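In structure tokens below, several structures.
In the two complexes that follow, subunit A is the common piece, with subunit B as its partner first and subunit C second.
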Partner chain A sequence: MPSVKNRGGIGDDLLRLEDDRLLKGQGRFVGDMRVPHVLELAVLRSLHAHAEIVSIEDRGASALPGVVHVVTGAQLQEEAPGLFALGQPPLVAGETLYVGQGVAAALAEDRYVAEDALEKLFVRYRRLPVLSDVERIVEESGEAAVTLGDSVIGFGEVEPLFAAADIVLEERLAIGRATAQPLEGRAILAMPEGEGLLVYAATQGPHGLRQGLAKALSLAPELVRVVAQDVGGGFGVKNGVYPDDILVAYLALKLQRPVRFQEDRREHFLSTVHSRAQVHRIRVAARRDGTLLAVDDDILLDAGAYQARVGYGRTTAVTIPGPYHLSAYRCRIRDVHTHKVPVGPYRGAGRPEGNFVMERMLDALSRRLGIDRAEIRRRNLIEPHEMPYDTRIPDRNGNGVIVYDSGDYPLALETALKAADIETWRERQKAPLPDGRRIGVGIAMFTEDTGVAPFEMGVVDLLEDGRIRIASGSPAQGQGHETTFTQIACSALSQTPGQIVYADTDTALVPAGIGTFGSRATVMAGSAVHLACKKLEDMVLTEAGAILGEAKERLSLSPGRVDAPQGGLQLRDLAASIEAKGEHLRAEAVFRPEQPTYADGCHIAMVAVDPLTGSVEILKYIIVDDCGNVISPRLVDGQIQGGLAFGVAAALLEELVYDNQGQLLTGSFMDYPLPTALDVPAAEIHHLCSPSPRNPLGVKGVGEGGTVPALAAIAGAVEDALLPIGGGMARQLPLTPERVVRLASANERQ
Partner chain B sequence: MKPASFRYVAASDVADAVALLTEHGDTAKLLAGGQSLVPMMNLRLSRPGVLIDLNRMPQRNTIAVEDGLLRVGLLVRQKEAEHSPIVLAQIPLLAEAIAEIGHAQIRSRGTLVGSCCHADPAAETPAVLLALDGSVRVQGPQGAREIAASDFFLGYFQTALAPDEVATDLLFPIPAQGTGSAFLEFARRHGDFALVAVAALVHLDAEGAVQGAALSLAGVGPSPLRATGAEQFLIGRRAEPAVLLEAARIAAQGIEPTDDVQASAAYRTQLAQTLVERALLIAASRAAREVA
Partner chain C sequence: MQAEDRIRINLTVNGSSVSQQVEARRTLADFLRYDLGLTGTHTGCEQGACGACTVLLDGVAVRSCLIFASQLDGAAVETVEGLANESLHPLQEAFHRHHALQCGYCTPGFLMAAKELLTVNPDPSETEIRQALSGQICRCTGYENIVQAVREAADTLHGAKGRDA
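Up next is the complex of A and B:
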């Protein structure tokens, strides 16, 4: 752990460095860029979930003043068949597979005119049967149901344990389909440059986008340069390559003009990947004393029309065992093909769903056995002395097993229980509130893999003016990398923030990279930046030693300076003398850990539920989080609090509802309620610190821990509130008011 | 989500607006606060050829008491009425209802008159106008007329306004002394359109018996509804919890909501009963305080 010498180093409570710029409206978003001769793209999107395109007639679209180009899927396929060779096509040529899929596109001098042109394209569809409900599909087709993925993971033999168990519980649990809705929609601007393209994109992974575009266009990757400047939120869905991206790049090359696509809100609902959408049939085997023996789960994931992204169902599966001992585990995951928007990872990326089902089953066990919810967890937790703990769960890539690195789960539980003052709440909930509402308490614990995927790269330069520029392959979408990475660099190089220049992720500056997702940026890119800084420190001290005639071991860095036993050197002067020689100091480092880090924690929710209206108010919310060393306290708490908003959304509010014809019934913010500031409680956050031994900073990811257990904690609290009046088990999210009312009057016997 | 192209004209006064409507006929639309119309234009669900802006008219933002009626002029913003001392003193029910409309940003543009002309079945202002037996004053090429609220709201986004008429004022009768009122609604989040909203007025006599009652519900049908059966049941009875619960049952039996993506008919019916009961309890206790 680097020592904290300077204000602005690791652990200091800085205000976000990027906010001055962002709050003054000086952010640089793709939509703000003024580009001469730019053409704006509008995409005509299918009205039918599954239909054959019989014909598309241009009744004046091309002739509209301001319209430069109109193209249908069929035309595109004829002129550029290569674009259709990879997965999802940029436009549909034959059959549409979901409402919102692109069937034609118009380019015009502004988006208004481009949309006018779309209205003059007349599509004849021949409708085809629609696949909508995953359980029905599997019920009707069984093993013949079309899946975009089907795998089983686990360890040990579950069946003998179920046969011998004192208690076996089985439940159907479901989590609704959701959408990310960042403030800024998807956005991409491609400009012809030489034989290739310069691309500005609102992307979480510039290198992946470059790779994807180059492949689609049969260009050498060096000919495509991708830059991610400010991005207005990503949450997982701005990763990878969308059909619209390929269309923009292709048309920019073809017409040799800059082309931009800026997604609007409606398109975000209908064309950006959705997520969650899981139905579980889960069985748990336990002893009478509450000891868990085995878990067996069967997940149907409503995958939509294409396998567009890495399957997050597997992430769900590896999350389920969590912080608990299990003797055997089995989980089957089927990504069932439906005629809906494809799904992909989104805040938590499958982990919240896995956590939800496991924690719900623990609550069910608690109810069945009459063992308190905290106690049943306590009896099953992995102990700190067992760390590193071999879970026997195969890892994501299937070539190793998951080994938890560090953590004190019992301490997380006890800390949360104490902070929540749980006994007082147990007293309070004995009687209803004066207005008739009932109080409930929910507890959920979690572990999550953070810092996933193979590597990340850091690039650090000594600039001519003596400042130090840092860059990595993980761009920011609002997380505050500029602050976090600057703090890492300040500690590594004994500098203050004013000495550090944070650079956008640009494939021309950083040769290789993966991106920002899976709670990985600080773990992976932060570590890479740290390593690169340490390399640069060595280079700087060596150069300075040569000038000063001192051994480099006798030199050290301080803000803006190299200090020597006698005198020293300004970094500015050192840089100038290096540049004068025609040289430049740049350090690159790749961080490639063998295993991810495992963050953990505990959430406790206290709610008041109105059994007659179904309203749920979160009265208090306790979070204990262990993400190892904290680089930037304010940003860590911000991530946790922001993550909780997504948890509240999934637990109580957000659900994309489709009808059986594949029409989205909740396609605007009128019908799809995002949580507002009034709906999300200010969490009381407590930190534990179990540094990860798997990276030089001792950090673990924190981007998703605020979300992961919140679904289960809130659902558990609502259920708990209604138990005394005969309420049932909370099995389906979100708990809309109507579902809560039904739960209240379920009259389930246990 | 960009509107189709349109022409913009600012009306100098009501007569001008009527003349412009007459001239442009079906292709014209009046623009008040724009909080319903502009989103619909952005989605191209509404595509007026000519947009007639009412916002430039002078002296149309009056809130005044005239002949026992509270008059709200055509450019009165929801936020102005919500905080108006006249409204708070004369018809607190209206201020209470307006506070439930959208968010502050929306209320500072949206108008009460525009809300009634838009006639969203879940809107608050129409429910209050109906509960109070109010009316809408409109002006057309033939001059002015008044349309009773019970005749004005015809169905989903449908009113009795003729295409060449401009609504100029809302007229809210001021409740008699001894009246208590309450506005309650239930929405998924604060600021959302109500799943169900209830406006309740209870007028008690000196003995505590109900002398008059008015109940209207929004969100349970194509336009706001009066629960006349429940109103009649209450007359002459003491405003006790069991009586109010029975009135709420009667009100809920009298509605026929339909299933939609937000709520099933059964849930809406239960919600209506719960909210009517609670609104009546509050209104009756407020009335009792007035009488005491």
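Up next is the complex of A and C:
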């Protein structure tokens, strides 16, 4: 059994505080809520990727017993044109732009009946030409190709370095379109309250959802209250405002009844944002000794039908240089418009793709120059004495440059190599296994911007019973914020977990917030909670000082108490006396750092590859991770191991395949394979600790570090296994069995 | 839907007798969640592929999204709500101790599938656990802690007769 300490402060190995209700089946997910007279929404979704809606006939839908309301896009536009003013419309009125876009909706007290109604709507489409393949689009249209974004970032002059370099490598590398698939789909419940709405949503960003709904409905933001309770996974896609969210909120207001939408799995495939979907043309210039000089990349991102809410292509671009010295860098990113589901961030949000191409090019350089994969990285790493390191890369907002805060990249590499016992594996891989499989070793290093801007807020209250309630703008979707933030509060206020009450993120309690994504919650909201706790401590000691007749400097907190040189005071007595005065102690704090923190690490994968069947087994997986100070050790390891599953999936399994008419061919779990217990190895996790100087806790984010380098490490290992038998370079993910078999027999000449 | 289109079923759910009229097309998952208010059983795909909705039907793990409630006259159904009594079931306890859940949405399905496994095979190896749970999808944990939790629960449930001790 694992040993457990239950003191509860920062760094203690606390068991999770949120588990009990989830283990007993008493979770409070949106779909679990019992709401009298709630209407369930069902959405009719376009069958065609690009088509004009000629007409929608109601052939008995509205007349079905139990159906309360039916609305088409055209009707909605006529009655509420304001809903159509922003980005993607709640329902299509004219042209559908992807398969799965909503064209009509029905409401009934029973979802079965609402879906019955959709079957009685007859839609006449006129099909239009479909844009599907980004490379073909750019090949045919060149600079005239329709893009939803086109930008160039970099520093220095790349061309002179390419002209003078000993070695120039150029490759086409691609990462398939993927989808997050949290097991709970999107879910939202809107209930009329006064002139506004009370909204329960499976969301990563309640405040952004409030803003979006208020804007769409022309309501004052304070009339929309959004609460995030238990959320069944997010991974980046449950953020922002979806068309269905606007529809739910609008219909709840219009009908003055609670309305709920629960996305089913098919809808998740067809209407929740996709991700990755990048093709890179990347060039690297280097010296003969392996020193990197310059990188020049041209990214085509299959952006889908609408502008991404968050353009993660730029995140890819700023991730590419990673932990390595470069003299010049240039990267162009084009978000190419296609008739597919729009894209958005998904576990890593562009970083895994950037890491993949850079690490693959280092492996290519290693092969070309005959320099070991570890050695070629060693020769280019930024050294700890260079910290803080000015990368010269413009930051994502274009306001400044990226400066790495801390880290020891060479130590991360050497620690991983030692843990992997790499020499033994090099020996083992000289001969095939008895069953004919070949062993390969892959190495990938990473840096990751974590704790992204702009701010987060913590709100801390002394409750009437003397306990302390903590809240922030960053809700959890499984990360365990109740536990982690409680530990932060315990340390800040010298309390034990039983003294702390964790509140769900609720826009009525926390005035402003951003949300949980980009490995930011502990860095941003954790720091905000810490700062608010410190403010509350000062307020509590001041009040206690007045009662005890002591200077507050002579007082201190202990669990449930204010201690004084002589005697002291129970927190509950203090709270009661404050409440008796008709007052209440609440502290709010905003944490707004200048720059993100930069986590780093190294992954090493050892795999066995069957060249005949293309199957890949991960035999051993080493992770060295530096996320600065660790608040909740087992939760951090849980994030890393969970993150690895997404890396395994991107490297070997998951790909959304569309045909040239924009029809999704892999629209269920039967043909879009998610990793199972048989696919994900147990990572051997090692920690380094370079505290960040950019927040009061010294923490860096850890939500995505398990994913980011795993694509490159696994792909590198598969390629390494096949090299002795004439295998080629692993250029395209995922490495499905078919692609691995082709790779094994590529017979590439170097 | 008229009353005559409904079918009366008598069954036990977590040991309690239930007698209800259900629509022929109502899935067991929706019957449990919406008719009985047992919302611990979650649906993840409603296509029988993810295992989130796993319950025990006469002791056998089934996908409650693929079974109609109307088929269940005389059946005994066990759901996650029936696992704990005064204290947590050893599987629930082990999941807690090993941090084997994150968002918790898939957890009820895993618990029920693991319960069946430990009934059929009280002393499973790690490989057997991974195989037995390979029909259950968890997006958060990366599975390792779930496997360790099930292994520990096997020891707790069946004494210290672990295979290699």
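Rule of thumb we're sticking to: the second predicted complex is superposed on the first by the 743 of 750 C-alpha atoms of A that agree within 3 Å, B and C clash if a C-alpha of one lies under 4 Å from a C-alpha of the other, contacts with A are read in each partner's own complex, and residues count from 1 in each chain.
Throughout what follows, a contact is a pair of C-beta atoms (placed from the backbone, for glycine too) under 8 Å apart; a residue touches a chain by one contact, two chains touch by 3 or more.
Quick caveat: nothing in here was measured; it's all calculated off a predicted structure.
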Contacts of A:741 with subunit B and subunit C, given as first, second, both or neither: first
First, second, both or neither for A:477, with subunit B first and subunit C second: second
Partner chain(s) touched by A:686 [first = subunit B, second = subunit C, both, neither]: neither
Residues of subunit A touched, compared between subunit B and subunit C (which is higher): C
Subunit B versus subunit C as contact partner of A:115, first or second or both or neither: first
Subunit B versus subunit C as contact partner of A:29, first or second or both or neither: second
Which of subunit B and subunit C A:287 touches, first, second, both or neither: neither
Contacts of A:469 with subunit B and subunit C, given as first, second, both or neither: neither
Contacts of A:615 with subunit B and subunit C, given as first, second, both or neither: first
Overlap of subunit C and subunit B interfaces on subunit A (superposed complexes): 112, 264-265, 670, 676, 678
Subunit B to subunit A touching residues, read off their complex: 1-5, 43-44, 186, 188-193, 195, 261-264, 267, 270-271, 274-275
Footprint of subunit C on subunit A - complex, ascending: 1-2, 4, 15-16, 18-20, 22-27, 29, 31-32, 34, 65-66, 112, 180-184, 230-233, 235, 264-265, 477-480, 634-635, 637-638, 641-645, 668-670, 674, 676-678, 680, 682-683, 706
Subunit A contact footprint on subunit C (complex, rising order): 1, 23, 25-26, 30, 33, 37-42, 44-47, 49-50, 52, 79-81, 83-84, 88, 92, 95-99, 101-108, 111, 129-131, 133-147, 152
For the subunit A and subunit B complex, residues of the former touching the latter: 111-112, 115-116, 119, 264-266, 612-615, 653, 657, 665-666, 670-671, 673, 675-676, 678-679, 736-738, 741
